[in-house]
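Submitted below is the structure of interest, expressed as structure tokens.
A, B and C are the chain letters, set down in written order, and residue numbers restart from 1 in every chain.
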Amino acid sequence: MQKKLVSVLALSVAMSAFLAACGSNENNNTASPSPSESASPSPSPSESAPASESTAPEKVENFTVSLRHIQIGDAQKFRKAILDDVVTKTEADVPGLKIELDGVEDSVNRFTKLPAEMAAGNPPKIFDVFGGSGDTQKYAGAGRMLDLTPILDELGLKDKFLSGVLEPFSVDGKVYGLPIGGNTEGIFYNTELFAKYNLNPPTTWDDLIKAADTLKQNGITPFAVGSKGAWVPNMLVNTFIGRIAGEGTNAGFITGASQWNSPDVVAAYQLFADWEKAGYFTKGELGKEYGDMLNDFVAGKAGMMFDGSWRSSAFKNDAVGAEIAGKVAFVNLPAVPNGKGDQSSVNANYGEGYGFSSDLNDNELKAVKAFIKNMYSEEMQLRGLLEDGVLPSMKLTDVSQVTDPIVKQVLDVLNGATASFPHFDSVVQSKVYTETETQLQKLIAGKATAQEVGTAIQKVQDAENAAAAK
Amino acid sequence: MAIPLRRTIPHLFMIAYVIIILVPFIFILFSSFKANNTEIATHPFGLPKSWEFGNYKEAWVKAKINVYFFNSFYLAFTAAATGVLFSAATAFAITRMKFKRTSGWIYQFVLIGMLIPGNVLFIAQYLLVQKLGILDTHWSLFLPYTAGALPFSVLLVSAFMKSIPHELEEAAVVDGMNVFRMFFQIILPLTVPALVTVFIVNFLGNWNEYLLSFFFISKDALRTLPSGMVQFRDAFQTNYALVCTGIVFSVVPVLVMYAFLQRKIIEGLTAGSVKG
Amino acid sequence: MRTTLRNPYVYLLFVVPTIALYFLFFIYPMLTSVFYGFTNWNGLDTKDFIGFDNFVNAFKDEDFRNSIWNNLYILLFSCCVQVPLIIVFSLLISSVKRFQGFYKTTVFMPSILSTSVIGILWGYIYDPDVGLINNILKTFGLDPIYFLADTKWALLSILITNAWQWMGFYIVLILAAILGIPKDIDEAAMIDGATGVQRAWYLTVPLIKPIINVVIMLSIAGALRVVDIVLVMTEGGPAGATDVMASYMVNKAIKYGDYGYGTALSIIIFIFALVLTALYQTLVVRRQEKVEY
């Protein structure tokens, strides 16, 4: 019995020594991959060292750079492939570099991990980040993000970006983040179902309402939606606000030029509530994830869905929505009757991209530069458009290679637009944005009226605006 | 006639209860072998049409369940073992060594910990771990897990050690035994039942812990089973069969362990809760 | 001879690791909680001392008040529905001889599993499209129930899952006490002609009152501790229908970065726990002791 106990103790001492070894290495960013990872039986393929490393003749200092991305799951595989290629290239460009990929779900990264890491001052060296005052501008103001202006000048990239897309990532004329691409949010519809019920494409309000009612009568959900994460239904609310209250409304919330509880914005929420009441959305939507929405649409349980143009890649032949490939079309939300806004405006977002820690040593800076050079190139932008349906954030000389019908329709929508407005999630403070999610779910659950929703959000908006003015 | 009937009534109720416990597991097990969502939806109760072992291979690779499993195991083990060692040493010092007043204070001081519900300290621990620079390392779990178990462990082991007769170590002292040998060779072996209880309670507590492991760790390679499984579900939300496979992977080893150690586990956990 | 057990260095060596860890992860966080609770710290900017504002705001905060009600609902459900069922099932198991071990092992089993895995598992049981329960409803031609998406059902659904996981644990706890009652008392009652139900109610239940009190205390503590299962199954939704104090606190602090407010909420939870435990002790446990004498 004593022997047993002693051996247990010895084992536990050995284990804690092992733990100690892991911990001390993890604290050191420039160390080689930590033992805990080399000990884990199956490192992911992307972590295997690039071939060039072994062929390098001179002895180079090995170092790792952490990279936080959000491309996890099947639906993101095209973007992950592009990222993997950029990582491989970058590792080949910089001797001794190993990029450590860390994939985290989008909202977890945006609302949980990154804020905490920013507070502690130890964000990953390269990370996925959103533009706007709730994200990039807040972190840049606190000195946590690298000023990219000199790097853009050095690489000659500054003028390559589309006009205005760097704005949400800039503070006082300095650029702190680079949008990876853009999107617009509109209606995807199932052309087969529309043909079956003799419906016109939902390009006018009357056709849209007629389609929704007809689908509903035939036991098909008009709009698939997954509202467990309220950012999903918020897409439609955002476009309603732009159309009904005008395309300048979203930008005006933080200046006080527009109010959430103004009659126009409340009317937008009321329209949403009316659709809710009419049964246009998936039943039990508050328990459905974003992925369920696509599933329902692909399975033909729903005839339409309001989603971002990035979803177009799901309907390729080798993607999750392959079942209905070729039977999907994309249109802008039709003109809303009595809307105050420009009715052919589109919502256009260049809100998501990469940012970089301000705390970098020389080696890491080299890695960051190489990453920017490889990621923000015409080649990768074009691949993003062709393979993944992501609209380029940079000027492309040649888009004639676009063959995907949905991507073409998305480009048509953008070309046909006379004005554009941003999503309010890239404009308002994060507390206000989170309040819009909370309140929208209450609206969906029937626990709040449109007026109550507007009042509650405006209360948070007032407090945040007052705090910002201090 | 009346008596056998009356005897079977309790069995009827208990069988109903047992079915309620087991049916979810069976549903998940069958679902994990089914080809796709449609088959689960259309034949929820039947055996799979063809047994899709491919799900198991896919889940093992995609979910990195082996990595989560290993992380959970070694963290739960080291933290529980360290907790046992620390609490046994402290219990020995405050019950057997001759510093009565100080020991009384220490005992009361540790007792305060029993009053604080675990999740109350969550934010402050989060900020602490952040400040220590160990967020997103296994230290951020190992230290709170070990510390979290200490108050209960010290109290339980102390209560047990108090009941050991003092003549034992007096004899040992006469024999010229030093204090370490006395601790390791006389007192510890006698305390083994309490130590095993403490170890089981702490091991299972750490093994199942979700809140800290979800918020303190973001690197996939460092995740433990509870938070890794949630992440896996969120990534493959709509592939029911695959997620069910993940559930089977994470449940089966625990059930196997339970099958072998059920008496010890039941005794340990229930004793743990009553004393606490 | 006495020096062996009086060596202060050894004493320190044995005590300091525990005290240090305990101080760092219990006492220090408790103290900083109190400090942060009175500030408006958001993790990035300066910490300003704002007095009792956080506490006042907490009770004005409709969503937090809603989460307090949810906690109380859970507490009532545990004490008024779960505990009686637990007692009944323990009596049932104790009354049989065959399969007693099997029943005990099976009902206990869910309590050793991870709450997060159980949350995922039951998420599928409740799923409107492929879930077990809705499949059963479908065979009877009934409409599906959106258990976790419907504000009327969500909290109850979580409570059922929670009960499924923990009832067996308490049953085994009480069962041990019942089986610990000396056999001769029961046999004497049987000879006197008391029926099984009578013996259970008049004999067994009074004798196991102390352990029932323990179970109620644990249920109260458990009701305030519920958080994992909420975060895993619904994240507090739909529209706050399942938010409990702890999940609301976690979201406020982590998602909003509102560390000051979040820690103020954690202090409120702590006070709730203390008050409820003290109330139960003085009102119920004390009085019972008086009656016995």
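Following the convention adopted for this analysis, contacts are C-beta pairs under 8 Å (C-beta built on N, C-alpha and C of every residue); 3 or more make two chains touch, one makes a residue touch a chain.
Predicted, not measured: the structure shown is a model, and the values here were computed from it.
> Going by the contact definition up top, give me the pair of chains with the most C-beta pairs touching.
By number of C-beta pairs in contact, the leading chain pair is B-C.
> Work out the mean Cα position per chain and let me know which chain is farthest from chain B.
Relative to chain B, the chain with the farthest C-alpha centre is A.
> Distance between chain A and chain C based on Cα centroids, please, to the nearest Å.
The separation of the two C-alpha centroids amounts to 37 Å.
> Averaging only over C-alpha atoms, locate the centres of chain B and chain C and give their separation in whole Å.
Those two chain centres are 16 Å apart.
> For chain B, write out the residues touching at least two other chains, lowest number first.
As it turns out, chain B has residues touching two or more other chains at 37, 126, 215.
> Specify, in ascending order, the residues of chain C that touch 2 or more different other chains.
254, 259
> Residues of chain A that touch two or more other chains: which are they?
112, 116, 119
> Can you list the residues on chain A that touch chain C in the complex?
Going through chain A, the ones touching chain C are 111-112, 115-116, 118-119, 138, 142, 228, 283-288, 430-431, 434, 438, 441-442, 444-447.
> Can you list the chain B residues touching chain C in their complex?
Per the stated touch rule, the residues are 6-7, 10-11, 13-14, 17-18, 20-25, 27-28, 31, 37, 40-41, 44-45, 86-87, 89-90, 92-94, 96-99, 102, 106, 109-110, 112-113, 115-128, 143-144, 146-148, 150-151, 154, 169, 173-174, 177-180, 182-183, 204, 207-208, 210-211, 214-215, 225-227, 229-230, 233, 240, 243-244, 246-247, 250-251, 254-255, 258, 262, 265-266, 269-270, 273-274.
> In their complex, what parts of chain B are in touch with chain A?
Against chain A, chain B makes touches at 37, 61, 64, 66-67, 70, 74, 77-78, 81-82, 85, 126, 130-131, 133-139, 142, 184-185, 188-189, 192, 215, 218-222, 231, 234-239.
> Can you list the chain A residues touching chain B in their complex?
Residues 1-2, 5-6, 8-9, 11-12, 15-16, 18-19, 22-23, 26-27, 36-37, 40-44, 68, 72-74, 102-105, 108, 112-113, 116-117, 119-120, 122, 289, 291-292, 294-295 of chain A touch chain B in their complex.
> Under the touch definition given earlier, write down the residues of chain C that touch chain B in their complex.
1-2, 4-8, 10-11, 13-15, 17-19, 21-22, 24-30, 32-33, 36, 89, 92-93, 95-96, 98-99, 102-117, 119-125, 127, 129-130, 132, 135, 164, 168-169, 172-173, 176, 196, 211, 214, 218, 221, 224-225, 227-228, 231-232, 246, 249-250, 253-254, 259, 262-263, 266-267, 269-270, 273-274
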